[in-house]
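The same subunit A turns up in both complexes below, where it pairs with subunit B and then with subunit C.
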Partner chain A sequence: MKCTSLLIILSFACSVAVQTPSFAAAPTANEAVPGLLPSSRISPSVDKIVARSLETFYYAGEDQRTRVSMRLINSQGKERKRVMTLLRKDLGTSGEQRYYIYFHEPSDVKGTAFMVWKYPAREDDRWIFIPAIKLVRRIAADDKRSSFVGSDFTYEDVSGRDLEDETHNLLGEETLGGRPVFKIESAPQAKVEYVRRLSWIDRERGLPLKEEYYDARGELLRTFSADEVREVDGHWTATRRTMHDAQSGHRTEVVFDEVNYDVGLGEDLFSERYLRRPPGQWVR
Partner chain B sequence: MLKRLIWLAMDFPKSTILLVLLATIAFGTQFPKIHIDTDPENMLPADQADRVLYNRAKQDFGIHDLIVLGITDEAGMFQADRLSRVARVVERLLGIHGVITADVISLTTTDDVRSRGGLLEVRPLMQRVPQNQAEIDSLRKAIADNPLFTDKLASADGTALAVYIPIESKDQAARIGDELRAILDEELTPQQQYHMAGLPIAEDSFGIEMFRQMGIVSPASGGMLFLLLWFAFRKLTLVVPVMVVAMFTVAWGMGLLIGMGYTVHIMSSMIPVFLMPIAVLDSVHILSDFYDRYPRLKDRRAALRESIEELYTPMLYTSVTSAAGFASLMLADIPPVQVFGAFVAFGILVAFLLTVTLVPATIVLIREERLQAVIGSMDSEGGRLGKVLREFGRFAFGRAVPVALLAALVLGLGFWGVSRTVVNDNPVAWFPESHDLRVADRVMNRQFGGTYMAYLLIEGKAAGDMKRPEVMAYMEGLQRTLETDPKVGKTSSLADVIKQVSYVVHDADPQHRRIPEKADELAQYLFLYETAGDAGDLDNFVDYDYRSANIWVQMQAGDNLEMARVVELVDRHLERAPPPVGVQVRWSGLTYINKVWQDEMVVGMMKAVMGGFVAVFVLMAFLFRSLSLGFLSMLPLTFAITLSYGLAAFAGKEYDMPMSVCSALTLGLSIDFAIHFVQRYRCNLARLGGDLSATNAVVFGETARAIVRNALVIAVGFSPMVLSPLGPYKTVGVFFALLMLFSALTALGLLPGLLKLTHGRLWQAKTT
Partner chain C sequence: MSTEKGVKKLGFDSFFFLFFMLVWSATVSAGDSGWMPQIHGFLQAHAAARLGNVDCAVQTACDWPFNEQRLQLKAEGSGMGGSLGYAAKLDLLHDAALDDSDSDVRELYADYNAEHLTLRAGRQVNTWGVADLLFINDTFPKDWVSFFGGLPLEYLKLGSDALRLDLYPEFADVQILLADFREDRLPDRDRFVLPGPEISAALDEPSDLEASLRVSRYFGSWDGAVYLSRTHYRAPAMSQIAGQWRGEYPRLNAYGASLSGPLGNGVLNFEAGYYDSVRDRDGTDPAVENSQTRLLIGYSRQVAEETTLGFQAYAEWMHDHDAYRRTLPAGVPERDELRTVATLRFTQFHLHQTLRLSLFAFWGVSEGDGYIIPSVRYAFSDNLWGELGANLFVGDRNGQFGSLGDNDNVYATLRYAF
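Moving on to the complex of A and B:
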């Protein structure tokens, strides 16, 4: 918990430095939307809100074990199903993380496993284990925004982005599905497939409840929604979530069948040895 | 009873004209509702099996119609500057509305799986523009090392790069092409050339070009008709109503078509071109006859009455039979042909009605002195034309047997020619050789695997069937067979993906570029590819539950003949090596669909025209109360069709969609000549007490002149079409001339002799 607050303060501090120019631009954006409060009257600051949201959504606890059912549904309503165990461990406060993903289903790929070493400022390291030929291969991924195991979620959607990756602007406060939310507009600093992201962040719980991504043509690219939110081990968790690709009509529905935090995953689990031989204690 | 209407029109000319005008305005008000459809696919009914399958395949495999963009540079495309230009072009074209961004295939948007020292890389082929020679070399190597990309994204010699741009719908192709051109003109230097190829852009551009041509060709033909009519009749106030009849007929026909909610399709857009000459025919007969009588009678009402008494029956007969002939096209199972037949038939009846009301009404309105001044002094013998025709008539009458034998010989030659007809079509070939699309077609198909897309669907019964190793191996076998065809430039399928993954997973060991034998190994390779790439990466090759797969067949030529040969090739493969249990192989794709509708069109049109032929024969035999006369009346039609198509075959012209449409024209034009000749021969023979020679001389007066005038007016009047850059318009223009020539020649050259030879044996004139 100590690390968490430190992280928030830290990110807030540097964001103030980074964000000054965009603050100057903020009032113009607000003027365009009548009835909204000027950003100066809203506290906490927009970067603080976003930093807290990232923390809650991606860095809850020291580690996490989740059994996930994933349904990939195309525009015709045809489905592909995946069942996996997902292990996560945070290393320190720099945002470095380890992921281990073991596939239970579909049955013909049972035993396939992924491992991701995530670093805050550079490309991830990823490995795959192919059980049929008992082979581990390292995968160089093109970027953090590539698809996570073929779903509509990106690796970044699963493991989080950095506060500084985008500039943020608070558009106002409203309610969404009965929850009070901040409505925030974010624009990526680097050139990526979206140029604008709208998010609705739960004021009290800090979780994003909805996100919309828009491309340079102003057309909706993807919509994220948190369909079920529960408190697990003291952490607010979106246990059902959907990502919908507006352009292809494809969507991915994720259900957390089991989820636990701070279960005590060892760092040694995230190694080639365990990639080949799944740790029975955690992967059931 | 209809005749009473004519007398009424002559008694109340102004009211008649007003009434017709009002009706025309009523039909004209429908024009703004026009809905244009330029998709040749609509030649097939929406529920036709191949179309249904193609639509399903498009959904199952996320296939969209493609624009294939090629950028070439003689000095080579693999240079930092060129590559960065291409990257910018791709970047910008993703912003064009209607482009399926996620499925654009190019160096910068398509992921490649490669292996480097135990590392699997999944990245865009060209993630950033290479800065030095080593990077450029490795890019070229990556393309060469992945069979999915070679001959697809870059040409073997490195002077051309291709981008495959899927679009939301075919009818946006031309617009997207224009926006693309603007981007390319900005981003490329004059050293680089660009080409856009593929059937969708050709078909959409053709539609647009077609309507532009209609705007040029129709007035040009109208103007030409007008000049010729004026040349024949020398009186503006008499020629104008003839033109008005033609235009009003078109207005009524098209107005009704649009008003009833039918789309104006490639085929129905030809209705005006068909109706105009047919509408002119009757007027020319009336004027010709009137001009002959007037100098003698010097009374416009009396002369008109006589002319109409003489011409009413043949005009009615020709209109009814032609209309019946076109109406019989409705029996064809091709929706646009049905619409075409129905509205041309309607137009023919309208033309008759307007001719017999408007033309007499206008003549009555012209003051007697003015008619005197123009026609009164005219030679009622028809001048030089009359002299030539009388000579010709005597010759045809006198040398009946040799002429008949010669005709039989020529007809035989015609049949021989028809038997050599090659049925073939390709919408790209409708454009002139020098057109951008034709140039693009040549360049792109020389440099790449092919811009004509066909899809071979491999359909299983249960989900997961496509993951069976033996199914995958069968697909591979099919591809090898397909690639033996000289025009199949490239095939790609799920099998290629699997082989590439196997190759890359095994550290680029060429031994492993093969399909795994174990089902789970295969499934895991697929899973690796699925999970490493994006959600839709395999969609084009396999449907979502792996029930059916899709082999992309890129062809370098889109002629239906080429497609037919490839279909045949696969059929033989299927016989030799039947597919695994529960697996079915079927064709789809635009190139294939074109072949299907053309087959239907050719056969359907042939059947429909045959049906029309029979209908016309039955009607004529009934009208003449004689099988023999009915048969003789069919001769101009038979000769016109056989000789025109025979000649085309000898000249090496392939039988395509526009040509098949032209065959229907004989139903309207050749019949006219036959009926006028036979009917008036019969009447005169009765009047002259069975004197064949005298009858022949009479018919070779006014009747023959009217026939020749009609033939000339129509043949020459529609000659501007020959100058159109679009193939189908050229074809129609040439066929108007050929059909006129052969029908007139048969009617005037062959019928006199045959009528003489058969009279008294096969038929009898009613001498009273």
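Moving on to the complex of A and C:
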């Protein structure tokens, strides 16, 4: 029934948060990190690059307010649209985070709101508000590799993965779209649908500019691209991004219509009260 | 009694209307850009065909219990920096099954938001508790006609004319609700084939306000809540006085609690409630429900990609069962002291979540009956979806689900949202 459909459509699995220190400067490919795996001069640097990339992509600032438009386009060019406001707040430096997502469009799900309390060492807590029946319900932790609201992004793509979920290998340095990048190969530790991920990470800004996921037969599954990168409130942000499913031809284009960091979101926003009645100051 | 009630009702409704207009005019005069209503809604066609070959009574629609076209208009707006708001939901309905047209104000309320409280006045829907399609602490009015006919789930809930105050002190969230009585909409003989003789009765609606309280808070990763309701049964208790049938809605006090939290990769729910049947505390009035204790445990989790499974076990213990048996009129089937029900929910998505397969099944363990609701929904676009489904009642005809055994139906719904 409608209730459950929304539970699933909007449920939003978050991976366990990454505990990473902040890095003031970009590491170079040959830089070793004293004290960390002293026997290897490559792996620590690779881990450091990937850790910084995760930090930049998922943990920028103390909090973040974003208005997002998402276009879901199938291989025939038929389009669906999702418009949402996403609020995020980091609690301290432990990796604990709060998320709040309010859906503005399509009109059939307008008013639906979704909340996640994300923890570094255990499963997240998640709730959904279904406006048609004024129901707040706790929802089950979903498979991190499932589609986020029917898009080509997985829940994990939206909320981040652990550094330790994959092993990483630096393949070299090159330029991509005029930017110097590290080219990194990662292999997941667990059995998931991809066995190999290539990523191109901006050497100075730390953002992933492109990612390719391959299956065991070496076939390309999905391609991520950061189509527009801007510096917002001192944080490099991919304000346009696309995930393309190479198998089905389906793709999802995401545009950050508005984004700001360190806006002063209170921890109390992430509660049942605001699930039922969106905070007008932030959700517009 | 009906005149008295009419006056009282008018007073309560007038208060809402006044408050609504005040909020609306305040938001307008404030020159706030948010006051302009955002208008949305949908056009919806819904039809259900009864299965089976039991003949319908003449001049009823029970072969095609539903054939309706509906326009819903939703308007909402806010002003004064979000401290005032309003919302309205109006349905214009053409009911081709009963050859009738009607309008239905499903919601119409105004909101006031302050730092530590919110106030909502007007017709509003409220949903309490953690159970899935079984109700313990949610004593609010429901529309079972729509539910058994396969209408979308939101039509199961009826709005109440109510004043709701939410307080947010440090230790908990507190919700206080004062509401006008509204009865459940129960299956009628216009659309359903029901056992037993038809009784025409004068119904007396309660005129006093109902009051409910919910106090909830987080305990780590668990959500806990306690509930108190001073309310009425929403199905009439029928009694015969001097040859005339009369229906009343007896007083009910409900006390309960719920707890919901994570277990493994799923969610575990507990809910319990005690129904104090004020009018029949010793259980000797066969027309009035006995007091009850209701318990529920439920668990749901994702079992595969895009696939969720949920189970619930529910028990309803009738108090003073001996007194009930002693006073039960001859020929009336006896209800068990302990009624147990299990439910299963299965949901699976395909094609980028545009296709949904769903199954909800009630199994009346103690009564030997069941109610199965399979459905398939496909979203043609963001605006247009269609659903095909069925309502199948099986098992013992004396059971609560089985008694609807002649009403198996298949239904189709098409909705265009804007």
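The rule is simple: the second predicted complex is superposed on the first by the 238 of 284 C-alpha atoms of A that agree within 3 Å, B and C clash if a C-alpha of one lies under 4 Å from a C-alpha of the other, contacts with A are read in each partner's own complex, and residues count from 1 in each chain.
As a convention for this text, a contact is a pair of C-beta atoms (placed from the backbone, for glycine too) under 8 Å apart; a residue touches a chain by one contact, two chains touch by 3 or more.
Everything numeric here is computed off the predicted structure, so don't read it as measured data.
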**Study point:** Superposed partners subunit B and subunit C on subunit A - clash or fit
**Key:** clash
Review point. For A:I128, is the partner it touches subunit B (first), subunit C (second), both, or none of the two (neither)?
Key: first
Review point. Is A:A216 touching the first partner subunit B, the second partner subunit C, both, or neither of them?
Key: first
Exercise for review: Check whether A:R138 is in contact with subunit B, with subunit C, with both or with neither, and answer first, second, both or neither.
Suggested key: both
Review point. Which holds for A:K81: it touches subunit B only (first), subunit C only (second), both, or neither?
Key: second
Practice item. Mind working out whether A:G150 is in touch with subunit B, subunit C, both or neither, as first, second, both or neither? Key: both
Check your understanding: Is A:A190 contacted by the first partner subunit B, the second partner subunit C, both or neither?
Key -> neither
Exercise for review: Mind working out whether A:L72 is in touch with subunit B, subunit C, both or neither, as first, second, both or neither?
Suggested key: both
Practice item. Would you check which partner chain A:T112 touches, where first means subunit B only, second means subunit C only, and both and neither mean what they say? Key: first
Exercise for review: Using the touch definition from the top, say if A:Q247 reaches subunit B (first), subunit C (second), both or neither.
Suggested key: first
Revision key, fill the gap. Clashing segment of subunit B (vs subunit C; choices 181-189, 505-513 or 667-675) is 505-513
Practice item. Overlap the subunit B and subunit C contact sets on subunit A and report the shared residues. Key: 72, 74, 78, 80, 106, 108, 132-133, 135, 137-142, 146-147, 149-151, 250
Revision key, fill the gap. Note: in the complex, subunit A contacts subunit B through residues 72, 74, 76, 78-80, 103, 106, 108-109, 112, 114, 128, 130-133, 135, 137-142, 146-147, 149-152, 215-217, 245, 247-248, 250, 252
**Study point:** Partner subunit A, residues of subunit C touching it in the complex
**Key:** 34, 40-42, 78, 81-82, 85, 111, 113, 118, 124-127, 130, 132, 152-154, 156-157, 166, 168, 173, 216, 221, 223, 260-262, 265-267, 269, 300-302, 304-306, 308, 345, 347, 349, 352-354, 356, 358, 360, 373, 375, 377, 381-383, 385, 415, 417-418
Point to revise | Complex interface listing, subunit A residues touching subunit C | key: 1-5, 7-9, 72, 74, 78, 80-81, 105-108, 110, 117, 123, 125, 132-135, 137-143, 145-147, 149-151, 250, 271-273, 277, 279-281
Revision key, fill the gap. The subunit B residues in contact with subunit A across the complex are 59-60, 62, 95, 97, 100-102, 111, 118-124, 127, 464, 467, 505, 516, 518-521, 523-525, 527-528, 530-537, 539, 543-545
